[in-house]
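Several structures are given next for inspection.
The two complexes that follow have subunit A in common; it is paired with subunit B in the first and with subunit C in the second.
On to the complex of A and B.
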């Protein structure tokens, strides 16, 4: 492994991610875990892991991002997840456009200029609808594992319409649909469509400048990708590590130091 | 340097009443201060108030009515406005118009309620209409107080408010040459919401005496638009993140820099002052006028972006936003919208947006 010169730590609400970059800004190491309630302890553990890989961290700049960025006392500086995601994806894909990031508890749409600068953004951070949590909640109600949700949804062409955008109400709607004998796969398809439609309205707030890029944990879900393409008429471009774009961006800022 | 000592609102009200005056609780946004003062009535504005238990008002109001109106009704019903003698409700928007009707038809508070019908425009006929509306308010105040100020009394009161507004404009104009933080500066400005003009002028003059020649280094300049900067900690957060409010288009501040009137008729003069103030959606100004005004503020202040800090469910503001933001974008100016409820603390999410916006424009 090439020598790590800078670290980025993305303390998200659902997962915590850390990325180490070499002197050329290439990803040399990364690590990801589900977020724990005692974030300070988890952050200390991440730093310990980084130390095991790089040796002493003195002199290696660390930039923290994500909703828990303020808890990383060891960080050289903090940068918001908006700016870090834009920087990370630009570095990997090399062009601007519209980035949709669907995280566990929030989602964002970021307009990125051809030079890689954030030109506009919007966030959905008040309500679980339009976030990974929307799918997660209903998945657990349907007893389908998260990674099976997308394939299941795509396995049928029948789609029920889920009228509730609110996660809690959607769950009740799902229960009632099951009671009426609707197949789980059709319900799943409807749930995905509902989330995607929510995302499309956010995209329209910022304005869709192609290409459309997708990041965040939910980017691994094929149904989301397919439906987002259907609803926007745009081909989706995915980075290699959709979940690590924020941490990568943070590490790139650290490398600037 | 610190801002001059500011008397507490409740002390101002008590002192004014002890001296034989009346106090009017006034809802946002535009109203005839000088007319009230000519009757020895001190207007004290009620922008909510923020951060109260807005429970009582919920009986009469729909959940999608803004928190300024919810809080005002709750505050009134919990006795918070008992010290006041009159309630003034300008028909600023549908929500306040609804509140006026609820007060008159259902709640029947102990104080007389005076609605103000504002025209939606600034044509000659609008000035005529509004001057007549002010004459009708004069007669209502005459009946309540038993006073009948003459035209000369009215003009004297108008000139005093014009002098206070001139100082207010001066404070806005040279804000970057004053050694105050964002927060301290807005605390000073917002005293105009309850201080008598003469007391406000003393404070403003003391503040202006601290003006320095060089621009104070405040960071990334932004233009703050919206209704009211509550919670005020927003202003501290902007400073902390390296920003400075270089100009504002806030309904409670910059949109109330009333120019002097022209007419010698006191009612027309008051009408002119209010109708010719900076554009405001609640007075029917077009998006074009608003956009031109914002761009002019940006040019004079050097602001690098506009933050629309909105009260949730505020229709007049939110209806304009898509076109306003688009117009700004076409002019190369980034903007951000943050919606808040008057009773919520500044959320972590709102702070992240603010920080990301400052990162974006720096």
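On to the complex of A and C.
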């Protein structure tokens, strides 16, 4: 493995991600875990892992991002996830456009200039209905594993509409749909549609400048990708590691230091 | 006024109260001199005159506390045409300003809860809830509010005040004067001016009857003249923030605006702003900015977040960001040229139709654009105020136009001016951080 020159740590609300870059800014190492309640302990463990790979961390700059970035005492600097995501994706894809990031507990749309600068953004971190948590909650209610949700939803063509825009009330709506004998796959399709429609209105707030890019954990879900394409009429471009874009951006800032 | 209450008023306000407030002011001045605020590496200490502001506001509420002993009291909305009441010697209480005091002292939420428990919805403006809460419970950080003998409301700021003042009228069982001001889409018409003027003419006899005296035309002109003079000084003061670095920020303006709202028409208000202008000019001469190390300058739209003024000032100041202008503080300055002391009623009718909240959203956008140019600003923070619907409606489109048509970065910040339950610190901080990074400070 080439030598790690900079580290980026993205302390998100559902997952914690760390990326190590070599001198050229290429990803040399990464690590991801579900977020734990005691973030400080988890961060210490991440640093320990990094140390095992790189040797002593002294002199290796570390930039923290994500909602828990303020808890990373070892960071040389903190940068918001908006700026880090834009930086990470621009480095990988090499162009501007509109980036949609759907994370576990928040989602954001970022307008990126052709030069890679953030020109506008909007965030939803007040309501779970526009985030991965919306799917997660209902998945557990339907006893479908998270990675099966997208394929299941795409396996049928009929779709029920979920009228509730609230995660909690959507759950009760789902229960009543099941009671009415609606198939789980159609319900899943409806749930995906509901989330995507929310995302589309966020995209329109920022304005859709193609191409449309997708990052965050939910980007791995094929139904979200397909429906987002249907609803926007745009082809979606995915980075190689959608979940690591924030940590990559952070590491790139660290490399600047 | 009979002799007993008059003596009590004099004793409490002019003797005891005045001495107490002098003492408070003296202490505040000493604090400024000692540099008690001066440890901040981010912000310049408040203006020296702030000690006087404190005294003025304290005196206003002290007079209010005993006002029922001395004469007649009217509760009025912030944008109401108050000059004729002032000329009739009413003590004027502004529930919105009192609401702001509750906001800054962080007592508003408890007081709002009193109104909510009585059945008023949380969707109602938090100024209204604060006032209704005080009405029901008498809770207030200023000691005690006087009971109104008359109410004056004007629809030039919103429709909430209409319903709110009806509740007050019912509760206190006093007359309510309502001045209805037609919305101004682009320009007002002579017909509308005549309509508002006629309402004022009809309101005067009602107020005269409550006051027990008739309106003296000369006094009305004098009050209008003093109102205009104070507004002119306020306009000049705000204009001084065109300087780089801005000598005061909007957070200072938010505090210093109390007299222009609730003490306009008084001669001491004119002296007060003249003195403030002098101090601000001294700052400019010495190249002192409100934010040490000013790097970026912004515009603020909508009401302040009263319970987080210091937090926001320091948060932005830490990054060298100053908010140099706001559509809100500008609202008490921009109408100055329309005031004409020689034709008080007609000019009042015209002036009071033009507040920013009574004009179209396109007009507000044009005002913002103009301010961005005049003050050489780098971006805009639009406070989306959950309470104030008329101020917040249109902000999404205004933000859009600022970014797309004019290339001005703009951020929508969701909060509430008085209800801290609608302010989520982490989320506000995250948005502000990202916006500041975007401005490349």
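By our rule, the second predicted complex is superposed on the first by the 257 of 257 C-alpha atoms of A that agree within 3 Å, B and C clash if a C-alpha of one lies under 4 Å from a C-alpha of the other, contacts with A are read in each partner's own complex, and residues count from 1 in each chain.
As a convention for this text, a contact is a pair of C-beta atoms (placed from the backbone, for glycine too) under 8 Å apart; a residue touches a chain by one contact, two chains touch by 3 or more.
Keep in mind it's a predicted model, so treat the numbers as computed, not measured.
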When subunit B and subunit C are modelled together on subunit A, clash or fit: clash
Which superposed partner A:148 touches (first subunit B, second subunit C, both, neither): neither
Which of subunit B and subunit C A:240 touches, first, second, both or neither: neither
Footprint overlap on subunit A, comparing subunit B with subunit C: 67, 79-83, 117-121, 123, 125-126
Subunit B partner contacts - residues on subunit A that touch it in the complex: 67, 79-83, 106, 117-121, 123, 125-126
Residue ranges of subunit C touching subunit A (in the complex, touch as defined): 396, 400, 403-404, 409, 412, 414, 424, 426-427, 430-431, 433-434, 437-438, 440
Subunit C contact footprint on subunit A (complex, rising order): 67, 79-83, 117-123, 125-126, 205, 207
Subunit B - residues contacting subunit A, complex: 329, 334, 348-349, 352-353, 355-356, 359-360
